[in-house]
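Each of the next two complexes has subunit A plus one other chain: subunit B in the first, subunit C in the second.
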Partner chain A sequence: MSKSNFTRRGVIKTGAVGGAALALPQYLRADGHAGFTNAPGDSEVVLGFNVPQTGPYADEGADELRAYELAVEHLNGGGDGGMLNTFSSKVLDGTGILGREVKYVTGDTQTKSDAARASARSMIEKDGAIMITGGSSSGVAVAVQALCQEAGIIFMAGLTHSNDTTGKDRKANGFRHFFNSYMTGAALAPVLAANYGTDRKAYHLTADYNWGYTTEEAIRASTEAVGWETVNSVKTPLTQTDFSSYIAPVLNSGADVLVLNHYGGNMVNSLTNAVQFGLRDAVANGKNFEIVVPLYSRLMARGAGANVKGIYGSTNWHWSLQDEGSQAFVRSFGTKYGFPPSQAAHTTYVQTLLYADAVTRAGSFAPCAVAEALEDFEFDGLGNGKTLYRGSDHQCFKDVLVVRGKENPESEFDLLEIVEVTPVDQVMYSPDHPQMGGAEASLGECNNGA
Partner chain B sequence: MDQIIVQILNGLDKGSAYALIALGLTLIFGTLGVVNFAHGALFMMGAFCAVILSKILTISREVAVEGQTDFLGNPLMRDVPVIYNWFGETAGAAIIDWNVPLAILFSIPIMIGIGFAMERGLIKHFYKRPHADQILVTFGLAIVLAEVIKYFFGANPIQTPAPAAFTGSLDFGVWLGYDPLTIMYPYWRLVYFFFSALIIAGVFAFLQFTTFGMVVRAGMADRETVQMLGIDIDKRFTFMFGLAAAVAGLAGVMYAPIVAPNYHMGMDFLVLSFVVVVVGGMGSLPGAVAAGFLLGILESFASMPAVVQVLPGINQIIIYLVAIIILLTRPRGLMGRKGVMED
Partner chain C sequence: MTDQTTQPTSVASPSARPSSGTGGMLGLTKKDSTLMLIVFGLVMLAPFILNPFPEGSAMAQFNAGYPDLMQRFVIFGIFAIGFNILFGLTGYLSFGHAAFLGVGSYAAIWSMKLVTLNVIPGILLAIIIAAAFSFIVGFISLRRSGIYFSILTLAFAQMSYALAYSVLTPITGGETGLQIKNTDTPLFGGPTDGSIGRANLFGAEMGNSFELSLGNWLFTFNLGYYIAAAFMLIAFYLSIRIFRSPFGMMLRAVKSNQQRMNYTGLTPKRYTLWAFIISGAYAGLAGGLMVAMDTQVGPERMFWTASGEVVIMTILGGAGTLMGPVLGAGFIKYMENIISKINKDILHEWFAFMPDGLEDIMVSVVYPFIGKGWHLTLGIMFMLVVIFLPGGLVEGGQRIAARFRRNKNAD
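Then we have the complex of A and B:
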């Protein structure tokens, strides 16, 4: 009679230990340990692209994903190289990152903070992503940035314009290339004063969430500094589609300018309603009534159609820029996809290249080494002129574009025209600026994770 | 006073949309006993009928523009609508301009067809199932329809403007003795209000003054007795589902110039429309219409800056607050009938 060593209790114990080991996140497993989370192997490295694939910003997410795929192609030596040819740093040679082929996984933020965190966590824990990037909302960016900080992962923000991302909610592991509300205000106010005069009364309609608040604060501060008066500001629900109740009182409020601190579908609908109610043709205080949209996006301008004509706003980048870097990117993107890239595509493409470049210059994927390489890094050739990734708040400082809705567009992509390239010095601020969280705002400690 | 008049106009306008959607919901509930959570999606599909017709009318051929290049340096190609070849540039442009009114004719057969397909293909299998099952399946259908639209048209809103003749605003205040430019109201919103009133009146007249309508009303009151008289009431109720879908579709078509259509717009209206139905009284057509206008006006007043500054957030809860008060004081809603949804 043979005697088995297996006992019921032993099998259960072994099973429990084995199950727990398998259930461990990849970054906590022994083979992943190299002093930091998700250390890549010798052959490949995985990047996590967390973009809205469903929900209201799905079109921007799709454009971001196109740009990421293009960046990966260029990093791996495919295509025409795009901005690798114009980037002032020359360490990237088309052999991946530190000799490892670049692979990627994608997640769907749904433009919801909890869903975005869940998809980022999944890419970190299950897919072994070494860096997370993307997004089209400040709420999402702040939430995912905090997650990456805890996990010891570098977060390269996508389209996020709220001051808070690199203001009061800044994190040592998070970096933003996109501009912010303060910069919009600083760039836009002088142009508005030059075109509409300094004796103006503004009425703000503001989306009732984080980005809306910081944008209103920035525009109010900058326009009041040039002599404008703010007569009223009204918060509008993010879910609002018909703004007629908010627009109707504007004309009799004593205001002669309406500032729409709205983005996405909110902007399309509020601007359309404002035009329907005749605000573009109205006269108030003896002046032509004007409308201002602080943050423009080409994709949103297309939604608003002819209503954007002549309306001032700002944008991070535009495909019509004539510098070498922008032209190289537009050529690569346009050849591959058949239409020019959006500003969301541009910032995500650039962020991927900047990360790869920082890793290569640092000679390590360790997040703190990468962060050190990015901090106070000055570069050029990526589409916005000379740019500084400031070390004290991880915000990029570069020229800001003031744009206006084009009167006679030649195509569905030709909706905005650049009226001024505001020099970076004009949009610079101190890291402890009150709008950016004041003296209490801090990056905290860099986290290498495991 | 001028602001009150503007908000009454706004409320009537919003109420028109609520009333039209709630009317269709009530028709379906009253006839088939189905709580149709896909009704908002029908409103959205109606708006996209205008978008689809616009796409059809602007099918174009590319013509190279001499001496100009595109962003890649290739010859610039300009789209010229094919319709210009058939009717000439002036007439072709006018047809494209009048896309939304034309979409009314375009949408009616499509929406009736969608309504028939929904009822025969899916919803009829849930007549004898609990209301919770009906809600789940119709809500799922609403999500599927929204995702299908997003797949083909993207997530961004698509501008579908009113004809040029209806752009701009009417100086309503001058008629009432105010100074010029005191009360301005967009022409198209006025058109929408009168259009809605016409549709509502048409549905009531159809039910009140036709034999078909009389049978339907009899079926709504006592389905079994009507069937015992040898009348195929199911067939008539299926037609009513198609009619309700067409009403929701027409509401959507005409709403397209007011709020640029997007795949999510049905969901935005759905919950409010259900509140309208409940406040009006389940199964009551006049109740749905009255509650639609009442809640539309209340919502507009609650959104006035003067009100929001005194009571922050009131604009987002007013409808639900009023619904609670009405249901506490009149549990069957404003014009609800005894026995409906009470088993």
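Then we have the complex of A and C:
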């Protein structure tokens, strides 16, 4: 009996509420008067760290999370301050952001756009996060960036290397510190030309998804510009674990360089296969056969073991850099966790600091004000030398590292050595570059939300 | 839920067929109308029921009453209800249902990009396209039964996934998927000021919410949720009607003894194919609603793990029962969205009242089960349910109800 009473009352009640909801088509919040989504209170501000905790990039996600925790600690005045001491902008003083203590929530993207968006939406709708950051895959970054644009939240991208994130899919509320495929190509090609000559014939194996496409396009364009020829390019399924059938035809194709546009587990497997097939000892066209891996990460180098020795690639940042900022970061990260940080950790740490700094300089958490403070912001002391956050596409421009697998590693973290620091001018491109979506790509209007 | 307890037995006897007008409403028996009313009440009051803890309290972590998760509850509820029509009634275990959800999603987003940002045409198109696709897949796969059928559907789903992920990148956006962009120009009513279009229902946006603050409690009534909920109630109602219809009877006959059915002169495939198409259409509806609530599609929606998820939802809740799939869907989505967000800091807060050493021990004991360990927790729960409650969560409800009834009798 009591049950049916409950239901009847429920029907009436929700009927009334539902009617009210339909009649009030504004997104009303208690703090709606602040003019932007999730305006923080006076004592604390919540940031959302959305990283892959399960799935293929879980290791990178874990390292990102460590870096975020470190950044929060430093922003709140804990620890040794890390890069706050070396950052060229001095407005952050260890009292949180605009006097509010920094709190954070975490979520699992599972490296799936759906799960990542669900997690980000729960941070926005439930936890009141003012900024979302993270991600370890371009697909996820693009998906979450679009969500943040719609919701009126700032998105600070984590590890995402595809051109699209700040190319054809760029958004006014999204910012990327990490470098991209184009920069990899531009930095790598001259080094390859210097070491392997300008009359090489390249064979590409490309992971069959967006990041693979943009990377192949970038490497082709820049190696062909220095005189190389592209013999063939073959797409490999992302789920492939055995690449022998793809490697076998390479030697007879007339190519003398193999470019592996693979990331993570793909690269570990394809490189291992290539080495097992004796490609490294082979001679083609009277030259030593060479292998190139455009995007390196420490995790991949560790997975591929001794096979990476002498192989060229590029990376956003490396812990062995000797500048003050990098050293300060490696010191505080090492003290807290006992090992040096990865490039994923570095970029996410820096993004958090850059956001906090932009809010402080803008004097407001409103996304449009923050975006304005970040646009065309020049800074130094965060590890990559002088850096520009370009306003027209929200991409950071900085020196790019060309690295090579170390011949005699001293520890499991000491696998890569820096060959060259490519100056930023060499990797610069115009915002309407064809690889970046051409003239059609636009940021759109910045969105403050409700 | 108590009213559901006697369903499975009464269902099996043909006498349970409703004669409209006797005690129930909308052609349902009295028991079914009560069940329908309970579901209606639960769904409508979800913003209250799912937000039992006040804002800012330590338990607020467990609140699930925010729009995104509520929408997911009902959308995956629809998906699981549809799956249950096939699996629960005919016993045919499809391992590729996520493909229909994905196809529906792509259809809906293209409708929004090209035709109109209104969600209704998108959802209808999603249902139609998914039903058509499931006709093709079903027509081929249903030539076999048992494990061979499962493998065939799995193969189709993985094929669709691979196509969407890379081969069909121009149509599906590849790994990145599709979103509504400011450059999209739908035929009717796109934004003119260069902003990004939002999914709406005759102008009312899906994201519109009304917030009710009562003391420390904050309840969110979201338009998108209520639209999805309306579809879910219709889906649930249709599922009851199918369960109680002669058609449903035939589907059960397929499950119990297909050979006998053949000898009787009936063609099982006609029924199973219809069941397959109906459940494919349900999946398409779920896919269309997902796009309506959150205008984005990615191919991993069709990955085999997504197909596996709906199987787990149905079994966890109770295959072949009306309420089971909905409960299972809610349970899994809750674990995925709530448990995965608990991190070490939150644990330290919870156990802060303990002495330091003990606190650390407690945190390290609980830590593997939360955050990234949510899969582990879900796996353990699933095992426990399958071992101790073979009939799923619904059986758990029945047992509790039976205990209460016994106690009452004892009084």
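Note that the second predicted complex is superposed on the first by the 421 of 450 C-alpha atoms of A that agree within 3 Å, B and C clash if a C-alpha of one lies under 4 Å from a C-alpha of the other, contacts with A are read in each partner's own complex, and residues count from 1 in each chain.
As a convention for this text, a residue touches a chain if its C-beta (ideal position, glycine included) is under 8 Å from a C-beta of that chain, and two chains touch if they have at least 3 such contacts.
Quick caveat, the model's predicted, so the values are computed rather than measured.
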First (subunit B), second (subunit C), both or neither touched by A:235: both
Touched partner set for A:278, first subunit B, second subunit C, both or neither: first
First, second, both or neither for A:404, with subunit B first and subunit C second: neither
Which superposed partner A:318 touches (first subunit B, second subunit C, both, neither): neither
Touching partner for A:170 - first (subunit B), second (subunit C), both, neither: neither
More subunit A residues in contact [subunit B versus subunit C]: C
First (subunit B), second (subunit C), both or neither touched by A:265: first
Touching partner for A:146 - first (subunit B), second (subunit C), both, neither: second
Contacts of A:58 with subunit B and subunit C, given as first, second, both or neither: both
Subunit B and subunit C footprints on subunit A, overlapping residues: 54, 58, 235, 237
Complex interface listing, subunit A residues touching subunit C: 3-4, 6-7, 10-11, 13-14, 17-18, 20-22, 24-30, 53-54, 58, 105-108, 112-115, 117-119, 121-122, 125-126, 137-139, 142-143, 146-147, 149-151, 162, 164, 169, 208-211, 213, 235, 237-238, 440, 442, 444-445, 447
Subunit A-touching residues of subunit C, taken from the complex the two chains share: 34, 37-38, 40-41, 44-45, 63, 66-69, 72, 162, 165-166, 169, 174-177, 179, 182-183, 193-196, 198, 203-205, 207-213, 218, 220-223, 226, 290, 294-296, 298, 300-301, 303, 336-337, 340-341, 343, 371-372, 374-375
Contacting residues of subunit B [partner subunit A, same complex]: 2-3, 6-7, 10, 13-14, 68, 70-72, 76, 78, 150, 154-159, 161, 167-169, 181-182, 184-186, 188-189, 258-260, 262, 264-265, 268, 299-300, 303-306, 308-309, 312, 315-316
Partner subunit B, residues of subunit A touching it in the complex: 54-59, 232, 234-235, 237, 239, 241-242, 244-246, 248-249, 251-253, 265, 268-269, 272-273, 276-278, 281-283, 299-300, 302-307, 319-320, 330-331, 334-335, 340, 410-411, 413
